[in-house]
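Two complexes come next, and they have one chain in common, subunit A, joined by subunit B in the first and subunit C in the second.
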Partner chain A sequence: MAQSADAKAYNAKVYVTLRPSVLDPAGTAVRSGLSHMGYDNVSKVRIGKYIEVELTAESEVAAKSQLDKICDQLLANPVIENYRIEILEAVAV
Partner chain B sequence: MKFGVIVFPGANCDRDIAYILRDILGQPTRMVWHEDSDLSDVDVVVVPGGFSYGDYLRCGAIAQFSPAMRSTVAHAKQGKQVMGICNGFQVLTEMGLLPGALVRNRDLHFVCDRIPMTVERNDLPWTQGYQQGQVITLPIAHGEGCYFADDDTIKSLEDNNQVLFRYCDANGKASDTANPNGSLNNIAGICNRAGNVLGMMPHPERAADAALGNTDGLALFKGLLEGLTSSAKVAA
Partner chain C sequence: MAQSADAKAYNAKVYVTLRPSVLDPAGTAVRSGLSHMGYDNVSKVRIGKYIEVELTAESEVAAKSQLDKICDQLLANPVIENYRIEILEAVAV
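Up next, the complex of A and B:
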């Protein structure tokens, strides 16, 4: 995508989680493991994905807009997953 | 009928199905590399089982953006036949050609077994080789084959008779104990509303050569050929 020379670098953190209505057998298995370890106060474990994305964009709004599209199209499957995005402007080294 | 079998990096059932189509059924079959986009000579597109792109991110998630799959969408929109088996079913749901999603099996196990299932309707080319309600046994082999969709989608699938195969016990009853992976409503295979796109987790191509001891899958391919050949004659 064409960007002007003053496009900024951003670091994004994307959290993809299973929708509450979707069973998470892996999370249940981990909870069961914790219970075996003696952590019997842990009532629930849900496992999701954490994805780091580095990108350039004209503004934080533009970066967010593009990341929304990326999540809707590929990083998350809206049938089974939700996502949340955090964006930070990258510090120049 | 000419078949096109999409070949992804990581696919491993592509040659199995080509063997059935070419050698058992004698149909012209072309392997279509995922970077090819020309499907113009193909009547039926087959999206085979395996682990396309290593199943990275989610099963079938990355395959949907390949040139061959973009052409498969156009192929389906023309009303032509598309069938996805196992990973192919996952790809078709990821790209929205079929509703719902395939998630991790209920009991976390990769299930590799021969499983009975009912044929729910037989008025489509996909299933016209069977009797309605017939119990057939097909191999399954998957870790993420638990069919999931929201309540409205499940209702719409059932209302429109889009469930073609349903896991059942030996007597044809779709019970929870006969459900190998936790699929909602014991769903093993569905079609789209128009009926030209099929997705199923079981492997009919692994039960279509008598040498393997089970030919319950062969009727799917034979019925499909008969159905499409007769409709081609009507069109001509």
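Up next, the complex of A and C:
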């Protein structure tokens, strides 16, 4: 994956969430804890991951394509998790 | 925290990130793993939490105020973490 001279820097934000059908014990525990703390108007809590990635790529499309692979292979478990990717161009390298 | 009849439902998204000055060993490990997998164009990875909260409140301002307290008390560690809150109004209850 050699970078050519015109590779650009991108800042990506990746949101990994449990699929709606998957139980979230940690979220349930937080909701229960909030209830004990007096916040009984909180009806649901779901906990996911938020990952910031800095990378260089030829184009935004290339960056998105690579991040899709990275999510499938490492950041998310596609069996139980969904992910969403946002990409912003950073300053040129 | 009794709810009056005109309480509205809100969906909030909370992003908890480590302060920039705090080391992120998990993020560094992911970056290193990606490098070993051939993704050597990834220069930085920071891992945070993404939390979805459903709650009812009198107003968006009240919901925001309560979520600030919840973050300070439970969801984030203010010493080493920052948080950001986004609130969307859900269907009326």
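Going forward, the second predicted complex is superposed on the first by the 91 of 93 C-alpha atoms of A that agree within 3 Å, B and C clash if a C-alpha of one lies under 4 Å from a C-alpha of the other, contacts with A are read in each partner's own complex, and residues count from 1 in each chain.
Here is the rule we go by: contacts are C-beta pairs under 8 Å (C-beta built on N, C-alpha and C of every residue); 3 or more make two chains touch, one makes a residue touch a chain.
The structure displayed is predicted, hence computed values, not measured ones.
Placing subunit B and subunit C on a common subunit A by superposition gives a fit, with no clash between them. In the overlay built on the shared chain, the residue A:Y50 is in contact with subunit C alone; subunit B does not reach it.
Using the contact criterion defined above for the overlaid structures, shared-chain residue A:D40 touches subunit C, although it does not reach subunit B. Look at A:I87: by the touch rule set out above, it reaches neither subunit B nor subunit C.
Contacts of A:T17 after superposition: subunit C is touched, whereas subunit B is not reached.
Touch criterion not met for A:C71: it reaches neither subunit B nor subunit C. For the pair subunit B and subunit C, the least inter-chain C-alpha distance in the overlaid model is 6 Å.
Residues 74-75 of subunit A contact both subunit B in one complex and subunit C in the other. Per the touch definition, subunit B reaches subunit A in the complex via residues 57-58, 61-62, 65, 93-94, 99-101, 103-108, 146, 148-150, 182. Those residues of subunit A lying in contact with subunit B across their complex are 21-26, 29, 74-75, 77, 79-80. Against subunit A, in their complex, subunit C makes its touches with residues 1, 3, 7, 9, 15-17, 27, 30, 33-34, 37-57, 66, 70, 73-75.
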